[in-house]
Amino acid sequence: MKNYLEHFKLPTLYKKTSQKTGLPPGTLIYTGTRKQEPVQIELIDYDEKQLEEKKLDSVQQILEYQKTDSNSWINLDGIHNVEFIEHIGQQFQLHPLVLEDIVHVGQRPKMEDYDTYLFIVLKMLQYDEQSRTVETEQVSMILGPHYLMTFQERPGDVFESVRQRIRSTKGRIRKMGCDYLGYALIDAIIDEYFKILEAFGERIESLEELLLNDTDRDILHEIHHIKRELTLLRKSVWPLREMIAGLDRTETGIMKKSTKIYLRDLYDHTIQIMDTLESFRDVSSGLLDLHMSMVSNRMNNVMKVLTIIATIFIPLGFIAGVFGMNFEHMPELKLPWAYPFGFWAVIAGIVIGMFVFFKRKKWL
Amino acid sequence: MKNYLEHFKLPTLYKKTSQKTGLPPGTLIYTGTRKQEPVQIELIDYDEKQLEEKKLDSVQQILEYQKTDSNSWINLDGIHNVEFIEHIGQQFQLHPLVLEDIVHVGQRPKMEDYDTYLFIVLKMLQYDEQSRTVETEQVSMILGPHYLMTFQERPGDVFESVRQRIRSTKGRIRKMGCDYLGYALIDAIIDEYFKILEAFGERIESLEELLLNDTDRDILHEIHHIKRELTLLRKSVWPLREMIAGLDRTETGIMKKSTKIYLRDLYDHTIQIMDTLESFRDVSSGLLDLHMSMVSNRMNNVMKVLTIIATIFIPLGFIAGVFGMNFEHMPELKLPWAYPFGFWAVIAGIVIGMFVFFKRKKWL
Amino acid sequence: MKNYLEHFKLPTLYKKTSQKTGLPPGTLIYTGTRKQEPVQIELIDYDEKQLEEKKLDSVQQILEYQKTDSNSWINLDGIHNVEFIEHIGQQFQLHPLVLEDIVHVGQRPKMEDYDTYLFIVLKMLQYDEQSRTVETEQVSMILGPHYLMTFQERPGDVFESVRQRIRSTKGRIRKMGCDYLGYALIDAIIDEYFKILEAFGERIESLEELLLNDTDRDILHEIHHIKRELTLLRKSVWPLREMIAGLDRTETGIMKKSTKIYLRDLYDHTIQIMDTLESFRDVSSGLLDLHMSMVSNRMNNVMKVLTIIATIFIPLGFIAGVFGMNFEHMPELKLPWAYPFGFWAVIAGIVIGMFVFFKRKKWL
Amino acid sequence: MKNYLEHFKLPTLYKKTSQKTGLPPGTLIYTGTRKQEPVQIELIDYDEKQLEEKKLDSVQQILEYQKTDSNSWINLDGIHNVEFIEHIGQQFQLHPLVLEDIVHVGQRPKMEDYDTYLFIVLKMLQYDEQSRTVETEQVSMILGPHYLMTFQERPGDVFESVRQRIRSTKGRIRKMGCDYLGYALIDAIIDEYFKILEAFGERIESLEELLLNDTDRDILHEIHHIKRELTLLRKSVWPLREMIAGLDRTETGIMKKSTKIYLRDLYDHTIQIMDTLESFRDVSSGLLDLHMSMVSNRMNNVMKVLTIIATIFIPLGFIAGVFGMNFEHMPELKLPWAYPFGFWAVIAGIVIGMFVFFKRKKWL
Amino acid sequence: MKNYLEHFKLPTLYKKTSQKTGLPPGTLIYTGTRKQEPVQIELIDYDEKQLEEKKLDSVQQILEYQKTDSNSWINLDGIHNVEFIEHIGQQFQLHPLVLEDIVHVGQRPKMEDYDTYLFIVLKMLQYDEQSRTVETEQVSMILGPHYLMTFQERPGDVFESVRQRIRSTKGRIRKMGCDYLGYALIDAIIDEYFKILEAFGERIESLEELLLNDTDRDILHEIHHIKRELTLLRKSVWPLREMIAGLDRTETGIMKKSTKIYLRDLYDHTIQIMDTLESFRDVSSGLLDLHMSMVSNRMNNVMKVLTIIATIFIPLGFIAGVFGMNFEHMPELKLPWAYPFGFWAVIAGIVIGMFVFFKRKKWL
């Protein structure tokens, strides 16, 4: 249980950023874990009637498809090839800051309106149920009138269902433009967030059960981990709301009115995620309080046992000690009934008195 | 006491949502606990002069009533029949997202304005005083100019009083339109919330009394439960305010001005509920603090008893031990007055000294 | 000390409201503690030149005075006579929701603008210094152009000083209209709040002194009570700000510009009350922290005493025990100097060593 | 250390206000500590070329200076002479509420725009480094086109430096109008606040050092005091921001544009003070946490010592006790090597075993 | 580890400010640590085609460069020479408050728009990885149409990379105006903040690891330090957001539209820094909670060991004591099997019973 969801780690918050200190803005430096794999470009070009799917390998090819009136979804896996990205940027006349943000992993989710295209960055989280880990990847989108470019760090994404819907002839997605495709991709990413919330919910529940069963198992670290991960997850989710609201507000025609109704739905989802995150934070803080109270409760019980035993037997020990003294003149030692009746009666009296005392104190 | 209000559970926060991951938006998937009962449709068609109440069983019938100028309240129990809902959607020309939200249990309360109709979702909580449980159910409303459709998960609701008022000829409700009916239903739902708050209030009060009576009973879990449930309840209530404010702001003629005055009243109620929830959270956090303080207070008292007894008797035990030693040359053992006067005087002196010490320390 | 200000109780937050569940909005149900006393109606009719004061007993009489140009203050004590209130409502053409709110004790303070009259609800708190209790009562006001109706739950209020000012010929109040009278009454109510804050302040101060004097008296419940009462008091005060701001914003001529300057003053007072409440909450939370720290400090001291005594005497006891053993071959027992010099020297050495140890640990 | 800054006390928050309950608004009642000293009126009349400084003693004289085009700063020390204030009010045609606020000590800092003059109230705090006390005094200002009246509770203020600047011929203040003078006075008051923050900072730092040196001295009360005083100080500072923003927004010509640039500077200062106050609150809360953690750490150490000693010696004591028993048939007592080798070997074994155990538990 | 990042200290928050109390606004007083080094002025004058870099030593020279159309970056190291600053102010017609703020170390980051120039103040933090200290320095900027003046407290800054970019002929910076240069400098300063966050992140992580390894090392002070430093760092960062938003809003042509796109990027960075700071605060508060819980957990374990040992052996000790008594009539002492079978059987019985008891209590 210890290691899952561990992928959310503090270092990802700052490690990547300082490599760039001192460089001019707009410098393209890939800040993720560099890989040597070649860049892969997939194209899906479709409209209501036709569908073309193929792998591209030159910027020139992309440009051709971009010009057509059909919807072109160009997906790049691998943003470590900085020269390639730069080349695309020149051809598509993208702002240098956009290119910088694409390759600079560690962006805060945001959307920016560059009149002729919208630039969108967000985090794609992928939850693998078997290994119980979360993979995090930065996804950037360039949404133009008839094309959508997506940039991913590596192959593998949560977009498979969207691809299936495009391939099927009858889905709504075939009838709508690229803005709807962009919405569908963001929706797919956010749907995955719900899965991760579920995993969190289950962990919190199982911790709660452990606590209620009063097992002694140390769940402190677990609670701490969950709280920390929620803090980090929250950082990815909060800016989403603003981003989607921003998309809704754009006045360039790129985001059409018919699609904006769907954005409203996305907006509701992000608020729901945020609400759930806040509840989780509340509940896990509550768990910590509960745990600490239970620890002090248990300590209280331990102390009571000690006190009862010590309070009864230490005085008795003293009395036994008295009659073990070697004074020559201790007349009581000589009395025949002193031991069986005198001594034991005193002992019994003390024990009974103590019992009454403890009863009154409600310790027994 | 342990099990009531237990129905508020963390799982309801996330369980339902992930079944949908990867499906196109607008896909109708019922996310509640599937039931095989047939869908029931009740119609109440009324205006100031006439009243008709009957069970319908086809979408066609609904359409007929929808067209009349009289107010038609069509109530569906059972949203698991997705095909049926879809059919209604087509006939009434509802947006796909609306249909999706109707069957997708787990919505955040909200209202959406689709020009020709208003779409409202909220949670109906039903408190059963006997079993002390709360049933939660999603209620969706489609409010058009002359009709109101309500969608419930299962039979049984809090609307009986509204039905009675419609049946009686003289109530205000017969003179007003469907917008007033919509208000009346929301009002009935919110009135039920007050009942639940009452139940919470009573539980908090009884916990408080338990604490004040200083019984040792473990109320930690109780407090934790209440706090958690309040967190969840809050999630259902907060969006209500926004929803009602939204209804008040709509500019389509569906929500008439004469009804909006009543919305203001609803608005006040939701704020009152929120205020009360916040107070409850405050008070129950206070209870936890109080409990923890009392535990450490009690521990303090336990420790004092232990310390007093141990501090008095351990030294005495040592002294008795000394005179129990078998050294040959211990002249004091031979003195006739050593035991009755010497030994006991020392003992008494120590005990009295300790008493004075403890008195000064204010431990006695 | 325990019982004063006890009147602020959780039940008042929810008890009253659920009696109404399921009734149509606008149903008049008195939700306070029903009393059989007859309704009393006092009239004060005045303008700059004349003053008339008398008891009325029919709605008809009220209507007559309402029509005159002079200011008519009609005060009703007793709102349990629902039929009477309903009758007034019909004559004055009040909105059904207004009537409902008047008799429905447990309203959140608010003001509502019905064009021809303003409707104001707030809580009148009366602090009785002798019994140290706070009486709470709902006061509703209907403020029209030339009349002000006030509805109280029972006889006895904080308006006596206002009545005196009206009776005296030279006060400003005689020259101003009914809106100023309304202001004067709200001002009188809020002035009383300051008295209650004072009482809280004194209690907090005396608790603080108790804590500083380090008495062992259990003040936990006191602090808990104060915090809870502040939570509840806050609930009554927060909406006041909004209410007064609302009065200031009204654009019907009922609230004249010359009176609005005075509202600004009221507004300042409510903010001051809120500030003070927040400070009190802060300080009383601080008291709880302080108390808990002191408890653990004291426990620490108790433990030190126990540890010092036990650590010194348990080893000594063991040594005495060793020489009390009955082994035949214990040559040291035979040595004549063993007891006086050997044994006691060891004892002294151990005690001195322990002292040094404790000194270094800063326990002594 | 205990008594300084003690002047900030809870009573000042509410004591003064209730004397007024029930009086008509605008009633002049001095709510400070009444003094019998005569009112002192100082006049400084200046423009770029001339300067006149003298003591006045009649309202008539004030009026004369008010009419001139030169800047007249009229400073009143002593607001307990209510009749005098009332007389001024009539002559200057001040609103009754203004007069009430001037004599009613305990105002929240605010500014009000009465078209022909601005009314400003704030708290003047004076820090006396020697006695380490803070004197608090209410200062009211009436800022007209060519005059500034200041009302203080008693002689002695922080304005001496401003007076010096007026006296010197070359300062900017001589060239500017009364609005600049008003700004200069507020600036002088706020500068004093920084001094007080410094004193707080020093106290917090010295407490921190005490904590770090791990002395046992009880600093709980100190921390509590600081937190309480910060709470109260905050109450005086927060409204300042609003007040200065209000001055900046006034559109009457009284506050000229050239002076408003300076207000911006004042605004920055108040925000800086607020920021610092918040940091102090944070840090002192942190100190409390630190202290409580250290107390439980120390308790932990005390308990370990006790446990180690008791765990070693109680079993040993039992063994010694066994061989001190008087059974006739205890053959081991007869063995010659039993005591020196058998007994002491067992003892040594137990002690060594315990040591290993404690080492493993990392208690040693 | 103790001393690094120590440079963030409370005193810097208030020490400097009170030296100025009572002086007229606009008085130039350097409030930093006075140094005797001469002021150094560096000029970089450049446009797309030419570049000139030299040291200046008179205000006159600066003025000449200011007039040219090329971009002139004038950098002053050393603001203690107040007369020099004043001279510049007169020549450049800067507002007295600007000059005051330049020399008055301890400003809150802000930007002010004086129509013909923008005034910007912020904190330059320099992190030295070797000594692990942070140097803090105030940087002021005067941004005019064709010139940028920067004022630093001492030589050494984070601008070296910007200088390099200017020197290289092909960078974007050569083609843009002074507003872009200003942006580049602020960007360089903020980039350095990320480095410091990294250092914080590493410290927090290493503390976390220490905690997880459950070492007993006292990390309380470390956590307290980090929390305090984060509080202070936050004070420097929060106003940045407002400052950058202010720059973006300026409507004088100084900040050109093409540069404002870059400001948006800066804005994102500051929000990212703030988010990270908040996460760090959350996590370090979590660490404190975790530590306190672990301390009480450990105490619990200590207490259990003590209780087990004491509870077993104190009763046994009493029994041994009983048989060590010297009563003459203790028949059990005479029985031959009493010691080996009777006594030891009782002892064994008690020990076994205790074990069962502890097992049930889950203490073993």
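A, B, C, D and E label the chains in the order they appear, each numbered from 1.
Here is the rule we go by: a residue touches a chain if its C-beta (ideal position, glycine included) is under 8 Å from a C-beta of that chain, and two chains touch if they have at least 3 such contacts.
Treat the numbers as computed from the prediction; the structure is a model and nothing was measured.
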Shortest path length from chain C to chain E (each step joins two touching chains): 2
Partner chains that chain C and chain D have in common: none
Chain labels contacting chain B and also chain E: A
Chain copies touching (chain B, chain C) - same or different residues, decided at half shared: different
Turning angle required so that chain B lies on chain D, C-alpha fit (0 to 180°, nearest 5): 145
Centre-of-Cα separation between chain B and chain A, whole angstrom: 26
Geometric centre distance via CA averages, chain D-chain A, whole Å: 42
Multi-partner residues of chain E (each touching 2 or more other chains): 292, 296, 299, 303, 306, 310, 314, 317, 321, 324-326, 330
Chain-level touch network, classified as line, ring, star, complete or other: ring
Running round the ring (origin chain D, first step to chain E), the chains in order: D, E, A, B, C
Touch list for chain A against partner chain E, complex: 10-11, 13-15, 17-18, 20-26, 95-97, 101, 107-108, 110, 112, 216, 218, 220-221, 224, 227-228, 231-232, 235, 238, 288, 291-292, 295-296, 298-299, 301-303, 305-306, 309-310, 313-314, 316-317, 320-321, 323-326, 330, 333-340, 343
Chain B residues within the chain C interface of the complex: 158, 160-161, 165, 171-173, 183-184, 187-188, 191-192, 194-195, 197-198, 201, 204-205, 208, 212, 261-262, 264-265, 268, 271-272, 275-276, 279, 282-283, 286-287, 289-290, 292-294, 296-297, 299-300, 303-304, 306-307, 310-311, 314-315, 317-318, 321-322, 324-330, 361-363
